[in-house]
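Structures follow.
First chain A sits with chain B, and in the next complex the same chain sits with chain C.
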Partner chain A sequence: MTKLINRRTLLAGSTMVATTVAMPGILRAAEPPTVKVGVIQPVTGALAYDGQQGQIGAEAAIKAINDAGGIKSLGGAKIEMVFGDARSTPEGGTAEVERMAAAEVSAIVGGFASPICLAASQAASRYDLPYLVDVGVADSIITRGLKNTFRFGPGFGIVAQTGLDNLVKINDAAGKPAKTVVIVHEDGLFGAGLAKLLQAELPKRGFEILDTIAHPTPSRDMSNVALQIKAKNPDLVIPSSYYGEMVLLMRTLQQQHIKPKGIYCILNGAASNFRFVKEFPDAAQYLMDCNHWHDPRKPVAEALRKTVEASGKFWTYNIPMNYSSMVILADAIERAGSTDRLKIIEALNSSTFAGHIMPYGPTKFVGGQNQGAAPVNTQVQAGDIKVIYPTDFADAKVVYPYPA
Partner chain B sequence: MIALRTLCPLLVVAGLALIPAFTSANTTLNFLVFALIVALSAQGWNILAGYGGQFSFGHAAFFGLGAYGTALAQARFGINPWVAFAAGIGLAALAGTVIGYLSFRAGLRGSYFTLVTLAFAEVFRILFNAASFTGGAAGVLVKLDVRPENFQFASRSVFYWVVLGIVALVLLLTMRLERSRFGAWLIAIRENEAAAKALGVDVLMVKLQAIALSAAITGAAGGLYVQYFLYLDANIGFGPWISVETLMAAIIGGAGTALGPVLGALALHGLGQLTKGIAGGTPGIDLVLFGALLILAVAFMRDGIIGRLRRLLVWGRR
Partner chain C sequence: MLSPDIILAAVLNGLMNGAIYALIALGLTLVYGVLHIINFAHGATLTAAMFVVFIAFTVFGIDPFVMIPAMALGFFGVGYALQRFVVGPAAQGSDNNVLLITLGLSIMIENGLLAVFHSDTRSIDVPYGFSSFDLGFTFLSVPKVAGFGVSLAVALVLWVILIRTDTGKAIRAVARERMGAELAGIDVEHIFAVTFGLGAATVAIAACLLMPTFYVSPRIGNAFVLVAFTIVVLGGMGSIPGAVTGALIVGIIESVSGLFLDESLGQLGIFILFILVLLLRPTGLFGART
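Moving on to the complex of A and B:
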């Protein structure tokens, strides 16, 4: 090797190195400065799938914003993503916030799970760093009085309330075929909380609860749950479980030929998930869910869905929610005309942005919560997920009770 | 050798204490705080398992009780967080004594004791996940109120020094224990319980004291965790992750040595940070790298970092 390096090659080599080192500086000087925005998602660990889906949405939004000329009030500054893996734990999220604060991001979007959102937004509040929660539904996220924390989507309370109201409306419209209910829930934060609420609210709305069945996450077998449902023979089954358990339950119900008049979910992990619908179309048929979903009447949303599906990925609500959170943030930075964190917080507080792709209407943050945010009802119909309620946003009619 | 033994821990603590003087980067401090919390938890485990030979796989039970004690005392009863922290430690120690009494009285040793501790941690996880008093699955939030009397500090370095102070205290305690009569009894039980008993060591009493002390220290780690992150649920408090982190830090560092758990925790988390830096873009690659390095470490450093260092020293003197 030593033979090959003589004076000339050394000279040529060092000139080349010097040029490459110097060049980016010249190039950078010609471009407007970038706006750094942090994106936190759990892309490894238990929540990896949701995290990856969220990342797709955030990246798509950044691409769309940059392609459209970036932040115009900052001379067309492009948005530069600083990505952080929260590793599905609160301390992982906190560590990423620290890194992003040091990297001087102007705002952070994401978190997905409530514990991560709680810890990360709190860490961000130390730096007055605006934090936009993408999905995390725990009501405590926005009731802590943190000035920097905003949530674009609906919280647990709103979703549960809407879910119950819509169930009554759908049931009434069909001539009240369902009177008895069995609740199935996972024993974690979301399932147990929802089951408690359902137990209190359903009897008031004329439903009789025959049984409430809890199961842990993860569960490898749902036969027992299915057999318990069979024994009670309810008109309606209301399951609140994460993806794996829900898929297992639906497949077991199908195998055991258990056919209630309806299966109605609230914030279910699988019912509004194309992976489930495509992999087990028969088990998923006619499943109803009250959940986050994009506005099917908006062309940008449908175009994004086509792009995602063309790349071989499944469409989940994480994508439009992160997409929307990112465009709302970009709008706030645009109006703030600055990368100053406090000015962005101010701009978010006065946001009336309607260019997002969720069925919410204009944005209005009160105490950090977007007042327009609401879930919709979806139903799996012939291998597709359709919005069935509210009728303003619907692209299909509800099939209920299930055809025999 | 004796001088070196006391000098080394002092140097390590002094070095750690000076870090905030050189860096104000909160990324580094945040990482160190978390690593030291794990170190403290491992120090607790080390007393029972490293010195006493009672391998617990359920130190999550004590971590969780310390954390829940600290969080619930202030969230539910409005007790001052410093007092709540002490209450959390007390609760963990009490639980340690009860669990110890039940299992040691029943004569559970070796893998049976390991299994029973694992079961206790799981039972606590399920109970705390279900009970409404503990906030159920929604967990407990400690109110963000940054005041020193509230055990919350505006600067990360102050919290870091508090954690480091407690770690140093436990380090001193462990070093004293090594040379105390109690320590000798404990080691005797580890080496041969029957022989220790024959020589007149009150085996049950010594084991109970060890598990109470061990639980209190790991409970303190839990309390610090919740004061730092201000959020807790049953999976964080009692999840297997903390039992594993605790075990790994102590074993990688060197079980049955005073400094081992601290070095182990710093090395493990430092390695994690390093692989994160190297791997960069692709998520998960750093974890793969971390796993591979861990396998190598376990394969080539059977008696931990301290054991390896000692052997190097002996070899150097030859």
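Moving on to the complex of A and C:
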């Protein structure tokens, strides 16, 4: 055998290769360009469950937007998701922002946990990248005055205020059965911050705090917490923990036959989670929470909930929060008529979008914070999560104090 | 001031948690004592075992306590095979390599579990999950008391295996003097693999004992292994009575200091003890002086 490839066949071959490689480019040119949007969620590490739930919401929104014809002012441009795993750490979040900035995304949605949102939005501000916080409630996310950072959901201050006001309402309406409180909280930014606020606010509202118990995440055992609650015998327990510890605590309370008059949560990790309610209906029964929740009056929300549940996943607030943040962003890009980051920021600032699925009314960002955002009160009743406040769309009456 | 009842209840809780820690620490200390390596895949093995128990219960309806013999045997086989065919050959005789390989294994197992199960927190609802013994001043969880008993029984069986059986003697011989054991005709590679298998079997049993009252997610094993490392050092690296005593002490200290200092600060108690042991008795409570 002599030469298998001579100059001519090589030339012919390389032309063919070049043509094939170039083809997708030609094909692509016929389609409208895409708008790259970054989605950051902690899908590995300690917060992975929440991150994965958030991802479901963002993906559902992108699908809905693209199915409805994409961004019309950009010639029907489809939204292309650039996904980043924050690995449950602020550093993970910033690393993903850097990558997304290099990948030329037009905006970023997500973060979930406050520390991740704080770090990631700050990193994004260096590139003037619009950053929509999906959940992160720490007030400092907004109060830093970053021009690029927007939060669709309520901040910690609003949630805590509403949570406390509604607690007083519920307690007053029942004839003030609760006077003493034990606070249980996880020792991170979220739990410790909430506990500090409760310690300052509850005495003003006539409650006596018997004890404040901090615990780490993850905790191997909640028996001690249960023992301390038993020793103090409070009327009311207010726990602020993530999912695993909250479920352990509730199971331990049930197992130890500890029955306060009420368990009232603010932004709890399990009290508004269907997994817990379905798996341990007895331990979850009558648990009250003041948390993010979708608007059950909106058909899109209920349809999304059905789709999610049909796929074998549990419905959590992360899904409608991310869904809503994404559609608000798409509306802003639509109105900006551009993928220019500063124009999108401008469009977000003038947003009056009401097509989201949270019970907030039309969007209005002031200094980055959506003014209408507010939490709702839910209660676990017979294996379901019911809205008990605000009354204009509550689908159940509160059961309090708990029947003996 | 807390009443004595509460403190006593905390001590009992600590003992029951400590018994589970003991099982997990036993596997670590055994592998360390014989192979002189820290098995970084220990936590991931625990997580994997917990998922097996979870599936056995949710899919086939098999009770975790019934699963114990099958889990112990199965994971012994897995551990044996891992050491014999993966860790051993890949290590090429260097301990540093073993560290990296077990670390790599743990990353593979954890991420494999994450890919399959996602990071949901899952738990099982056994019929006796909430039943308890009423001691008057406190309620003792039935599955936890059963776990305590099984755990101590396993430690005892392991102890008897090491003292009485030929394999046990061979394990101790390899631990003491590898070359001597080899010269005496002991198949060192086989003994290494048996030890690794025993380590995996103990965490598999721990998984059966944990699942009725705890939950599983792809990273949960690490929450237990960190405390197991402390116990191994406290009890003396490689010592079985040391691991059991150390685990019970750590369980009680964690529980009682949690009661007085808060759950978060309670963890301090363990690490203060850890530092004290390293300062005052670096070989641990039962460690052999070299």
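As a convention for this text, the second predicted complex is superposed on the first by the 380 of 404 C-alpha atoms of A that agree within 3 Å, B and C clash if a C-alpha of one lies under 4 Å from a C-alpha of the other, contacts with A are read in each partner's own complex, and residues count from 1 in each chain.
One rule holds in what follows: a contact is a pair of C-beta atoms (placed from the backbone, for glycine too) under 8 Å apart; a residue touches a chain by one contact, two chains touch by 3 or more.
These figures come from a predicted structure and were not determined experimentally.
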* Which of chain B and chain C A:316 touches, first, second, both or neither -> neither
* To do: Considering only the touch criterion stated at the top, classify A:363 as touching first (chain B), second (chain C), both, or neither.
  => neither
* Where does A:377 make contact in the superposed view: on chain B (first), on chain C (second), on both, or on neither? -> neither
* Where does A:187 make contact in the superposed view: on chain B (first), on chain C (second), on both, or on neither? -> both
* Structure fact -> Of the two partners chain B and chain C, more of chain A gets touched by chain C
* With the two structures laid over each other on chain A, which partner does A:248 touch: chain B (first), chain C (second), both, or neither? -> second
* Looking at the overlay, does A:230 come into contact with chain B only (first), chain C only (second), both, or neither? -> second
* In the superposed arrangement, which partner chain does A:351 touch: chain B (first), chain C (second), both, or neither? -> neither
* Please work out whether A:268 is in contact with chain B alone, chain C alone, both, or neither, and reply first, second, both or neither. => neither
* Asked: So, does A:85 touch the first partner chain B, the second partner chain C, both, or neither?
  -> first
* **Doubly contacted residues of chain A, that is, touched by chain B and again by chain C** => 43-44, 48, 187
* Structure fact -> The answer for chain B against chain A in the complex is residues 25-27, 30-31, 34, 129-130, 136-139, 141, 143-144, 154, 229-231, 233, 235-236, 241, 283-284, 287
* Asked: Can you list the residues on chain A that touch chain C in the complex?
  -> 43-46, 48-49, 51-52, 187, 213-216, 218-225, 227-228, 230-231, 243-244, 247-248, 251, 254-257, 275, 279-280, 282-283
* Asked: Along chain A, where are the residues that touch chain B in the complex?
  -> 43-44, 48, 85, 89-91, 94-95, 98-99, 101-102, 115, 118-119, 122, 125-126, 138, 140, 144, 146, 187-193
* Mind listing the chain C positions that touch chain A in their complex? => 2-3, 6, 9-10, 13, 17, 111, 114, 118-121, 123, 125, 129-130, 132, 138-139, 141, 213-215, 217-220, 223-224, 227, 255, 258-259, 262-267
